[in-house]
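Presented sequentially are two complexes of chain A, the first with chain B as partner and the second with chain C.
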Partner chain A sequence: MLFTSYEFLGFLLVVFIMYYLLPGRAQWSFLLLASYAFYFMADPRYLIFIAITTASTFLAARAISDKKASFDAWFKEHKKEMEKDERKAAKAKAHSLEKKIFLCCLLFNLGILAVTKYTNFTISNINSVLGAFGKEGTLSFVNLIIPMGISFYTFQSMGYLIDVYNGKVEAQRNPFKFALFVSFFPQLVQGPISRYSDLSQTLFEEHRFNWQTVSFGLERILWGYFKKVVIADRILTSVQTIIADPDTYNGWYAFAGAMFYALELYADFTGGIDITIGVAETMGIKVTENFIRPYFSKNIKEYWNRWHITMGTWFTDYIFYPISASQFMMKLSKKSRARLGNNLGKRVPVYLSSFIVWFTTGIWHGASWNFIVWGLGNFVVIMISQELEPFYRWFHSKVNVAGTFGWRLFQVIRTVLIMSSLRMFDCYRDVPLTFKMFGSIFTKASLSQLNVQSFINMGLTVADYTVVFIAMLILVIVSLIQRSGSVRGKIATLAAPVRFVIWYGLLIGTIVFGAYGIGYSASQFIYNQF
Partner chain B sequence: MEELLEILSDLHPEVDFTTATDLVDGGILDSFDIVSLISEINEEFDVTIGASELTPENFNSAEAIYALIKEKLDDED
Partner chain C sequence: MQKKLKVVVAVIVTLAIVITTLFLATKLLEPKYMSGILEGAMIQEYYDDPTDHNVVFIGDCELYENITPVYLWEKYGINSYVRGSAQQLIWQSYYLAEETIEREHPDVIVFNVLSMKYNEPQKEAYNRMTLDGMKWSHSKVDSIKASMTDEESFIDYVFPLLRYHGRWSDLNSDDFKYMFKRDKVSFNGYYVRVDVKPAEDVPGGNPMVDYQFGDNAYHYLDKLTKLCKDNGVELVLVKAPTLYPYWYDEWEEQIVDYANKNDLTYINFLELQDEIGIDWNTDTYDGGLHLNLAGAEKLSKYFGKILVEDFKVPDRRSDKKLQSYWKGVNERYHQEIARQRSNLEKYGSVHEPEENQ
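Take a look at the complex of A and B:
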């Protein structure tokens, strides 16, 4: 059930009405039922997977939490009777059991994710290697189902398990409440990847109907649909045409394709998240923000702090930090500093951890070399910009441009161009073709390509491009206003007729200019496939 | 505290670490800085800081970082 389908709107309406008709204490239970119904309607078999992850994580986290609590109580009582070494040994013994439970659960769930998502990718790589030795197609592919949103709910559950293991959150005692945390339907298919400590604050609470919260939620949903159907699904036609025929559409077209895709992906993903956050907000539930105007970032590092934030912080907290703070990395740091000097040596473990994180980020996005190379491309760009920092410091000490509008604009355009170039790996069918098309921007771009007719031939009319352009301007204006606070909050302070014109204008605009209905099929959200 | 301030100043000479209280929240220290920092702390003070302790609260000010180091030193005594 796509967010853009009529079924989803109908489902939402029923859930919303029932949610507020029910007594407050039954609301979260009802949401669990609704979430499982949502998942069931996608494919009943998916339920087995999510139920297994939910049950195993719930039980493991509870066992860890119980062990911690009983040890803490015992330790408090016997601490004074023990010598330092005995205290250490007691702690290590208790900790080792917790660690076993933790690792079993972690590996089990990551194993499910790996098997469902990466088995065929592994087989195809083995076949390629065997093929190089003259044994074509030795292993046949297996027919596995990939449960919808498995990457998102697995990461969310594992984040919870790690937090419980580290003593950052108390384990949830109610299995059904935990099941709702894992399966909450608005964020099940494309995130955000919520933290238990954030989402649990409002997810299980009773919520009475509050017009302001509901209207703010509806406005956010509408804004999400506007981005999705007016911008993303309309420009999609040109993107698909350019990608499908790389022989014709090279040079400037490849560049235009990368730019169109940057716009499409932004409108698609942030639009989907707007709908998610808006739906939750109508029910009084606060879901973590996932974007802060990423295309206004000054550099790639800042971009990754503002784009898909919950994924970035997940990788930082649960992969980058544990690897880089490990004993192995600390030893490596000492050794590399002794050999390479303090300055270069201390960067070795940071870059090695970062390499692992970006490889994982790439493969998390999809089982293909395109995503792996995309991830590693991000790593290379971040590493280069880190290494160039002394140069930038020198440059700014000589040339006084920092803080000027021109420099800021240069930084923003540079970031957008780099990110859009890297994203070409999302688009083309394999890595060599992507490199070829990127190269064609520099070798095959000719002025003759820049004519209106060839862009019309991609399947969109002048009117379509005009709609996309105006909608994009609205996006930019809204983003600029947003820098000084909530746009919905500002609109709410305006006179009623103005508010009416804005929101009904947006509604009518979305209905009239949205790419759906006859001749269009509202497309799946790009991030659903991850 | 002096040694810690020296390590921090090496990372970001432009920042006054005696007064800053939003090192992480304000974006002065990023994840790369934090990892460099803990490896230097490990070297200088001979304490091990675990991944779960790498939180904004522990790294928002020099004082908070020093408190974490002291806690670790006390713990190991």
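Take a look at the complex of A and C:
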């Protein structure tokens, strides 16, 4: 059930009405039912996968929590009787069992994710290696189903497990409440990857109908649909045409394709998240924000703090920090400092950890070398950016441009260009072609190559491009206003007729100028496939 | 109290603005079918005719381009209407018949059997041309449900704006001119054409894997038969005398069998074309797919006689109300014929140059 389908809107309406008709204490149970119904409608087989992840994580977390609690109680009682070494040994013994449970559950669930998503990718690579030795197509591909949103709900569940293991959160005692945390339908298909400590605060609470909350939620949903159907799904046609025919569309067109895709991806993903957050908000549930105007970032590091925030922090908290602080890295740090000197040596473990994080980030996005190279591309750009820090400092000491509008604009444009170039790996069928198309921007782009008719031949009319341009301007204006606080909050202070004109104008604009229905290909949200 | 009143007024005003603007947007963006493809406007015109018809023709272009109710009126005094639309499928014909019988109870319903070859929904564009023009009723709802292709949604029929929103970039002067009015495009459902394009090199039928009409098509033919019998309406099955699409002998056998088993009259005008006097050099405007005015009047003359003699359809030319109604139709009919003939002379086409663009 696509977010942009009538079925979803109908489903939402029924859930919303029922949610507020039910007594408060039954609301979360109803949401669980609705979430499983939502997943069931996508494919009944998916339920087996999510149920297995839910049950295994719930049981493991509870076992870890119980072990911790019983050990703490025992330890409290007996610690005075023990020597320091004995205390340490007792702690290590108890921790060892917790660790075993934790690792079993972690590997089991990541194993499910790996098998469903990466088996054919692995087979393809093995075949390529065997092919290099003259053995063509040795292993055949397997037909596995990839449950919708598996990357998101697995990461969300594992985040919870790690937090319980680290003692950051108490394990949930109610299996159904935990099942709701894993399967909460608005965020099931494309995130955000919520933390248990954040989402659980409002997910299980009773919520009475509150007009302001509901209207804010509806406004957010509408804004999400505007981005998705007016911008993303309309520019999609040009993006697809450019990607499908690299022989024709290279040079400036490859550049245009990269820009169009950057716009499409932003409008698509942030639109989807707006719908997710808006749906939750109408029911009084607060879902973590996932974007803070990322294309306004001054550098790539900042960009990643503002784009897909919940994924970024997940990788930082659950992969980067544990790896950086691991005994192996400590030893590596020591050795590299001894061999390469303090300045260079201290960077080795950081960069190695960072490399692992970006490799994982890449492969999390999809089972293909394109995503892996895209992830590593980000790593390289960030690394270069960090290495150039002294140069930037020197430059700013000589040229006084920092803080000026022109410099800030340059930084923003630079970020957009770099990120859009890296995103070309999302588009083209393989890594060599992506490099070729990127190279063509510099080798084949000439002004004589550009003509309006070529853009029209991509499947959009001048009117379509005009709509996309105007909608993009609205997007930029809203983002600029947003820097000084909630736009919905500001609109709420305006006179009722003005508010009506704004929101109703947006509704009519979305209905009339949206690319949906017959004549437009029904487009999934891009992040649904991750 | 005053605050509550203010809220109520605000809600009412808001709703009124929302409904009005959505209505206006729908009216503007809906296709008008007032030039070019006129067939999309024909189903709706039926409701403008206040008279009760003795004969209603229901089916595809093999009826609305081949039978002229004006001629039937003038020659025999038969008050008839063609509820035809492009590629009208048999379930759509059934629901149109159901609606017609509920509205006016004709003596005879004539159904063209070519649509038996379709067993499943076909094209959304053709569905729209039949269904959009129907007034809302249980027949329309059922017809939509039976006709929808996989890409269609029922809600798009309820709120046409959701279907036609994308027309904002194709709007032309017709869309503004005909927002709240329509011109008549047919003559009691007949689509008139006076030009001639002789039938030459008409392709024969390609061999088919299976000639059997589908279960769904038979299901609706059964329903149509039962509907007419239950309501005391005479159902006449016909095959129009057009050369293409090809009418296979195997199809003919099935219809003959069906008519015999169900005690229905079936007339294959293809086999009677010599008796009717159709000359394929002069009586078709598109090489044998459809008859032109000359051909349609020949067929109407022949069929009218059958309707009068075999089905005792009354001559109602003495009915004052009908006289007045048909006078108007007749005037338009002859004006249109004159216009098309004049255009033919001036431009070599029945259409004005801007219509051809």
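We take it that the second predicted complex is superposed on the first by the 530 of 530 C-alpha atoms of A that agree within 3 Å, B and C clash if a C-alpha of one lies under 4 Å from a C-alpha of the other, contacts with A are read in each partner's own complex, and residues count from 1 in each chain.
Everything below uses one rule, namely that a contact is a pair of C-beta atoms (placed from the backbone, for glycine too) under 8 Å apart; a residue touches a chain by one contact, two chains touch by 3 or more.
Because the structure is a prediction, the values reported are computed rather than measured.
Student: Quick check for you: in the superposed arrangement, does A:Ala463 touch first (chain B), second (chain C), both or neither?
Tutor: Second partner only.
Student: Examine A:Gly514 and indicate which partner it touches, taking first as chain B and second as chain C; both and neither are also allowed.
Tutor: Second partner only, chain C.
Student: Contact-wise, after the overlay, does A:Arg293 reach chain B, chain C, both or neither (first, second, both, neither)?
Tutor: neither
Student: Of chain B and chain C, which one touches more of chain A's residues?
Tutor: B
Student: Check the residue A:Arg347 against both partner chains and state whether it touches chain B (first), chain C (second), both, or neither.
Tutor: In the superposition, A:Arg347 touches chain B alone.
Student: Looking at A:Arg408 after the superposition, I want to know if it touches chain B, chain C, both of them or none. Which is it: first, second, both, neither?
Tutor: neither
Student: Do chain B and chain C touch any of the same residues on chain A, and if so, which?
Tutor: The answer is that chain A has no such residue.
Student: Show me the residue ranges of chain C that touch chain A in the complex, using the header's touch definition.
Tutor: Where chain C meets chain A, its residues are 10, 14, 17-18, 21-22, 25, 29, 124, 151-153, 155-156, 161-163, 165-166, 168-169.
Student: Can you name the residues of chain A that touch chain B in the complex?
Tutor: Per the stated touch rule, the residues are 84, 166-168, 301, 305, 316-317, 320-322, 324-327, 329-330, 333-334, 337, 346-347, 349-350, 353-354, 386.
Student: Which positions of chain A touch chain C when the two form their complex?
Tutor: Those residues of chain A that touch chain C are 6, 461, 463-464, 496, 500, 504, 508, 511-515, 517-520.
Student: What does chain B use to touch chain A in their complex?
Tutor: Touching chain A: residues 27, 30-32, 34-36, 38-40, 42-43, 48-52, 54, 77 of chain B.
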